[in-house]
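One chain, chain A, links the two complexes that follow: it is found with chain B in the first and with chain C in the second.
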Partner chain A sequence: MNTSDEKIRFDAIVVGAGLAGAAAAMVMARAGLNVALIERGQKAGGKNYFGGAIYTHAIGEVLPDYMDRKPPFERPVTEAGFWMLSKDGGLTKMTVQGGKLGAEPADAYMASRAIFDVWWAEQAQKEGALLIPKTTVLDFIRDSAGQVIGVKTDRAQGDVYAPVVIVCEGVNNLLTQKLGLIDHDLEPAHIALAFKQVIALPMDTINARFGLPDEKHGLAASVLGDVSLGLPGMGFVYTNNTSVSVGLGMMLDAVVEYRLKPYEVLQRYLRHPAIAPLIKGGQLMEYGAHLIPEGGYRDMPKLFTGGAMVAGDAASMVNALHWEGTNMAIVAGKLAAETAIEAHKRGDFSAQTLSQYEARLKDRFILKDMKQYRNFSRFLETHPEFMDAYPSFINDALGQFFSAYGMPKKTLFKNILGSLTSRRQLFKAVGDMLSMGRAVMGW
Partner chain B sequence: MKKGDAFSVKELPQDLKESLPAVYVDDLLVSLKYFIDEAQSHLKIKDHAVCARCRYKPCLDFCPVGVYTLAHDGKIQVAYQACVECGSCRVGCPYENIEWTLPRGGFGVAYKFG
Partner chain C sequence: MFHALVAVKQVPDTTNIRIDPETGNLVREGVPAIMNPYDAHALASAVEWKRKLGGKVTVVSMGPLSFTVTIREAVELGADVGYLVTDRKFAGADTLATSYVLAQVIQMIHEKEPIDVLFFGKQAIDGDTAQVGPGVAVRLDLPIITYAVKIRDIDLAKRQIIVERKTERWTEVVEAPLPALVTCEKEIAEVPFAPLPDLIRSLRYEPEVLTVDNTGIFDAESIGVRGSPTVVFKMGTPPLPEPGEKINSREVGVEAAVAAAFAKAEAAGILTSVLGGVK
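Here is the complex of A and B:
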């Protein structure tokens, strides 16, 4: 990279130009720091893959005038909720639309990460950050006391120096392990393997099939029930402008232990009688897969060390129940950046100064929510009925409730109750609800 | 999930098993864009003897892009060119027998949509 003997120096290095990384670079560059944003892909976001939707509260926190900068959003999320598929082809929709979801700008927008992240990194470049793509960071450079003072990349003469490095490497936390912030790989039981297809359809077809008035309306749904073969997992449907993203996430240990081929599970889901008509005639634009760190608070690494901090998926900042992760990544990137700015003011990049990063996360929803939900990921491991038995029961129950069988209603309600108890003993069902409440409330 | 020799597999109920359609993964891979590193693989089997001893070889199934296949001689072969760098095999191999590194800068999958 350098042709002279001069070392390449920056005020700060960010590893990974995803949501967390570009946010961190943007905030530091705006404060006048000389920032290198190193990305291993051809472009920012080229390795990223998600459901998914981007939350504007987080974007706006870093970039208040984001709407004037024409972000490449797809449709706004104007309808959100749960769909439940039954084995006999039924579909129950439990979604909310209008109200707060009709606000403009919307709370969340569908997006394609490979497109959105390019724009997001461009905003960091506009603040003065230097994006260095096609460069993989392999390790750290440390001083004699062990403090991080730079990174080694796979470029010829690719050592880059800075007194502070923000690691936003994503779910495969190789560098975070090299920093000694976590001493093990994540467990397959705490990681979801998500895979999806992006399927192109004409805009009007999407509007008609999903009951959306126009392209200013969009649906984001989590799909439960006959999706993940009775194993812990969840499907999703997102409507973009002229495509839909349909896929599912399953816990990796189940995929491995049952020796499932993910693309077969996905194809089975796409052939469900309630899903197939929605994507009929559509053209496959892209298939892909990505891991999601769903272990929560207990899987989070230590977040800082002398000269370095970690943000985003690398730090397991995901709240699976609420589909949150992108927003935490952005805000955590910003908080790490503010900590780095403060460290520059003090001229001190020790672990003690960088511990401010954790204090800032504790003040915000990030560590508050992560802590409250600390038991939730383990909860679904031990309660797969929330993915399977209950959604299929709700389908059954509503199906019976709204059908006139010419039977007395007493018999009807008895049948509905029977349809629950055939799946789960009643006292267990009551217990499930209580433990679900405990897991969500963090009691 | 137990690792090493303690790893064992589970079976789906027969009706669910039969409900899984056969899919030719290459039909999906054509939708992906790659910059292939012809010079070196970023995925390596650490020790083929360990794979030979692995009873269930779940990598043949769980890899979402079918990187791992069985050669005629019974060895696991690695089509790293198809890898989407998800990391499933890195933590999913029961024997942790896959040396998983990132492709060199610029190489590997390049999502168009993501």
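Here is the complex of A and C:
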């Protein structure tokens, strides 16, 4: 029994055993630090959900021998790309397979977070980190100068002390706000609500319907077009071993403004003539939803303060167009951990020392990409035609191009052009392409 | 110094369990394992009394090594020591063999550190027999108080315990000399949200493992399948009762529907007996 004057002390505290948190705990524990990994769910990842597929470059960066540790992956992503749905039931597929996507281990694997995150946190525990589940961090303990020196939890005698705290609390960034690193609550216009169904189907059925040779091949597709009622949003399709994950994400403010019921929007999408046959006869295994911080660079909090750093969704580390987020979380968790290790060496946990974390993020793809894509979320808000007009146009254009109507080709091309201009004036279309370039390239 | 012993069992969470319609067996696959809820409340009561009187709570569980998580949960809830009684030779035990093994282990612990009160859940939610607690009491020749809802007092000086127990008609207040065995209803104590130091201790806690060989206290004829005379002939789900007759008040009107229902009840002899009771 601990008496109340015995403080619980660690070398470092990580809040949240998701992808960022467990990565941070893993790296610090490996360096010999005594790490507490505090998780509010029953299990690591108990509160987590994604589309999804997970990128291996980030896993390998933290855990080079990850493939020997039997990660609970589903199929590898051997085919990826865009699907475009039109309102009249058409589907244009623009996917790539093989080539770089045929490498082994694959660039990405489908996974279920409820299973993957448990394994991921186990790797941190194997390095010696102590996973403390069923415990919610409510606030911070500070010294007289305001430096963070620990956390307060929801349990009796629940104060835990450490000179450095890495906050990986996820999208609901209450603690990041308590640190004073961001001065406002989440904004519905910058948050996507993603929801999906996992539908069980026999392995052979999945192979046949998605044109996959065997269970060693898998498809991950972003679905554009007639998915989200013309509102900013994107759908997705992922093939697991014996189930298919289908869903979509929409901006939360649109869901609220139009009083949409997510399951109705999802049902509508799943009844699209191109989607329905893919999941026909399957058994619904799971229905779930989660928020995604898609505000991008402009929504990122300050990333550090004296004694604390923030990583992952809590820091808005998401690249919505490329479905990146899990990889950023893992690498950011690692970089925060390396900064904490360095701080321990110096015995200095001041904001100045921890500013190294931001410098490390700037050196890597994380802050580079976040900055380059800083206009992307605004771009989608102001360009609904990318959700609506263009995917329908592409279906139309290809449909006409590959049909023989017994008419001169000059008329055909005129018709194709007409199917564009009926949807969007030509000069506006050129402008759209330019603003897309601007949003993606960061011009 | 108060010494409480609590027997805990790991059970499948029967709130979401299914029964295989073909075999009649429980489908345990994918069902989370939990500490038997009645045992958790019994443990919570033991820990409350430990905090009042000062002393120690010892937990005993019999089952495979995977029951370690249940021992850890007991430590999280305030147990000081946990024994896991585990051996392949115990497999297939019915309540007779189980109560024998537990009685032998408890006797061994008692000889080292005398026990004042033995806390059991009133029954496990998987088997629902409510036999193991009483079985242990009989084997150890202890006073047994079943279906306890409140422990009014444990007096270590007078060596007595006063317990309220629930029966179908009333609450009995029972006094017994110590050591005594109590089987507990959920009302006995609230399961606490553990303090952080207890949770942290539990995460790395390794139970004391007791086997047939490392104790040498078990008679081979009394354990496992050989010590278990119970044979399950058949398991199944009871058929759903036939639905009763419906009188649609929208068709016949509310008053006519009520009158018809009363007439039926009277004809069946239900109504007179109810009214007779009220008079």
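The rule we apply is simple: the second predicted complex is superposed on the first by the 439 of 443 C-alpha atoms of A that agree within 3 Å, B and C clash if a C-alpha of one lies under 4 Å from a C-alpha of the other, contacts with A are read in each partner's own complex, and residues count from 1 in each chain.
Convention: contacts are C-beta pairs under 8 Å (C-beta built on N, C-alpha and C of every residue); 3 or more make two chains touch, one makes a residue touch a chain.
Computed from a predicted model, the values in this text were never measured in an experiment.
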item	value
Fit or clash - chain C, chain B, common chain A	fit
Arrangement angle, chain B at one end, chain C at the other, chain A at the vertex (C-alpha, nearest 10°)	60
First, second, both or neither for A:Ala53, with chain B first and chain C second	neither
First (chain B), second (chain C), both or neither touched by A:Gly41	first
Contacts of A:Ala189 with chain B and chain C, given as first, second, both or neither	first
Which of chain B and chain C A:Val14 touches, first, second, both or neither	neither
Partner chain in contact with A:Ala340 - chain B first, chain C second, else both or neither	neither
Residues of chain A touched, compared between chain B and chain C (which is higher)	B
First (chain B), second (chain C), both or neither touched by A:Leu63	neither
First, second, both or neither for A:Thr135, with chain B first and chain C second	both
Which of chain B and chain C A:Ala397 touches, first, second, both or neither	neither
Contacts of A:Pro262 with chain B and chain C, given as first, second, both or neither	first
Shortest CA-CA distance in Å separating chain B from chain C in the superposed model	9
Chain A positions touched by chain B in one structure and by chain C in the second	134-135, 153-155
In the complex with chain C, residue positions of chain A that touch it	1-2, 6, 8, 130-132, 134-135, 153-160
Chain B-facing residues of chain A, complex	40-43, 45-50, 112-115, 117, 133-136, 153-155, 171-172, 174, 185-189, 191, 193, 195, 197-198, 229-230, 243, 252-253, 255-265, 267-268, 271, 284-291
Residues on chain B engaged by chain A in the complex (per definition of touch)	1, 8-13, 16, 19-23, 25, 28-29, 31-32, 35, 56, 58, 60-62, 64-66, 84-88, 90-92, 94, 100-106, 108-114
Residues on chain C engaged by chain A in the complex (per definition of touch)	80, 193-201, 203-204
